[in-house]
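Next up: the structures, one after another.
One chain, chain A, appears in both complexes that follow, with chain B as partner in the first and chain C in the second.
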Partner chain A sequence: MRESTLQRINYAMILAIFVTLAVHLATHAFLGVSGYEDSLTYASVVGRYRAFSTVLTLGVLLIAACFHGLYGLRNILLETRWGARRHRLVSTATRLLGVAMVGWGLRTIVLTTWGV
Partner chain B sequence: MDPSVVATEKTRLPRRGRPILWAFQRPLHLERLALLAQRVSGVAILVYLFFHIFVTGTVTEGRGVWESTMGALSNPLMHLGEWLVVVAATFHAVNGIRVMLLELTPLVGKPARPDYPYEAKSLGKGQRSVLYVAMLMTSLAGLAGVVILWGL
Partner chain C sequence: MAADDTVLPAPSGMDTPPPSESPKTILLKVYRHNPNANAGEARMVTYRVPYRRGLTVVDALLWVKEHVDPALAFRYSCRMGICGSCGMLINGEPRLGCETQIAELESDVVEVGPLTNYAVIRDIATDFSDFFSHHRRVRPYLIRTENGTLEPPARELTQTEAEKFAYYQFTMCIMCGLCDAACPIVAFDREFLGPQALAQAYRFAADSRDQGWRARRDIVDTTHGCFRCELAGSCSAVCPKGVDPALGVQLLKRAVLRGRAPR
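This part shows the complex of A and B:
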């Protein structure tokens, strides 16, 4: 994929993070809970996963945050030293890490929403 | 295009300078330090995100595992870590808005002939004021974090 396309996707992901992170923080501070400690109780956490709006928010936040974070890390690593081989290595490593992080996060969402 | 400027697979391009010390090259620039802080905070948040995803995953193991995990993580050192994440995320977000404004809007300034004393046109007062806002909001987020986490 072209670097300009990746950068455009990155801008979209940043916007998605701004919206979904605000909602995520609100659900840990005042939205449906009495405070931060209350939001971390098992019943509260599982209850949030059963709401479609929360699941959607968490899914989008997971993908957007992983893309933005790993794209930034890739750029930092590519700036320290150049070369086609290093480019391939760093891109592949960050892609695999992204798949692992998004995969594990989605597993949590799916199992908690429909399982447990 | 001149073939000498095209990087091929076999081209061995020179290493850049030492990874962190470029931020402290003289003359010191607040924007250069902000770029370093943006990268350090970004990597720190990514490390937090990595552990956050896997810690949150313990909710699938049931109530007992979740409560013991939360109990193990509820200590002053972890609260300090959470506070640092709040501070880093606030700076990263507001300074990130400044960087995007510089990339996508006329805030970057018009190109002009470089005359003595060679002040960069991109480092104008507009973007500097956003950087001050980022620093102010980071301080406020730090104070709010202290109130929320330690109830002071």
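This part shows the complex of A and C:
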């Protein structure tokens, strides 16, 4: 994949993080709950996971944060002497790590949503 | 870097300053290293060099070469800041030896070494093979559809002032390599094209006469291309010709992200 494509995706992910994080924090602070502490109770958390909008927000946040973080990690590794010489290994490793992290996160969201 | 310091006195009767000036001398600490020699350990050697008004670092090195050690290796040619041959590390900063006067350094001790980020051939002479290779990779010439044919140009390729000034400052590059020596990314990533090559890629991409945007974009939009630049800005800070390679790289990034030539 071209570097410019990765860069464009990264900009989109940064925007997605801002939006979804804002929505996520808003649901804890004033959207449909009485207060921040109440939003962290077991019943409140599980209740929110039943809503499709929450699942969508968390899913997007998970993917965006993983991409943004691992893209940054990849760039840091590429700036080391070791990483610059093994750029294919670095790119592949961070890509696989991203897939694993997103997979594990989505699994958690799905299990919580369906109460498995 | 330094392993052995030796102070050599200025021989009497050689290049003595005129009577009207004070017989001042400076200490010139020079990096000496011959990687091909068996006992090729790097060391700093100190020479006492007679000072005169207007003395440049290249002048001081030439004095050492003529009067003390003919084996001292360094590269120079025009001695007037045009050819870009005499790039060296002067008191820790990449500069042109011919354009740097001892007086402006405001120190009686001047330390001279090879440019960082380049392999040392011998003493202060460095290997520019990678640098030139990166420069060639970005195809630093006007790409036209008629290139390679024997057809004469069908018309004159005129430009407006605005079209010329879109790239003009980047034509001032003398390929001295100081920007690459100052770049922290070049220090780690040897495949990184570097500020000089990327700025030249922009120079030709921004030229209204050029038709090679796609080919050049495929070269700079890679893992070791323009997006490796972290905008440290040190390339622009050390350029002896006032070129701003960091600006060129950022403009190139913008053009690549927009997907069209920067004009």
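Some notes on this structure:
Following the convention adopted for this analysis, the second predicted complex is superposed on the first by the 111 of 116 C-alpha atoms of A that agree within 3 Å, B and C clash if a C-alpha of one lies under 4 Å from a C-alpha of the other, contacts with A are read in each partner's own complex, and residues count from 1 in each chain.
The rule is simple: a residue touches a chain if its C-beta (ideal position, glycine included) is under 8 Å from a C-beta of that chain, and two chains touch if they have at least 3 such contacts.
Source: prediction; values computed, not measured.
Of the two partner chains, neither chain B nor chain C is touched by A:22. By the touch criterion defined above, A:69 reaches chain B but does not reach chain C. After overlaying the two complexes on the shared chain, residue contacts for A:96 are found with neither chain B nor chain C. Put simply, more of the residues of chain A are touched by B, taking chain B and chain C as the two choices.
Residue contacts after overlaying the shared chain place A:80 against chain B and chain C alike.
Once the two complexes are laid over each other on the shared chain, residue contacts for A:8 go to chain C alone; chain B is not touched.
Of the two partner chains, neither chain B nor chain C is touched by A:51. Across the superposed pair, chain B and chain C both touch chain A at residues 79-81, 84-85. Across the interface of their complex, chain A is touched by residues 7, 9, 12-13, 15-16, 19, 39, 42-43, 45-46, 49-50, 53-54, 56-57, 59-60, 62-63, 66-67, 70, 93, 96, 100, 104, 148-149 of chain B.
Remark: chain A residues 11, 14, 18, 29, 36, 40, 42, 45-46, 49, 62, 65-66, 69-70, 72-73, 76, 79-85, 101, 104-105, 107-108, 111-112, 115-116 touch chain B in the complex. For chain A in complex with chain C, the residues that touch the partner chain are 2-4, 6-8, 78-81, 84-85, 87, 91.
Interface residues of chain C facing chain A in the complex, by the touch rule stated above, are 185, 188-192, 221-228, 230, 253, 256-257, 259.
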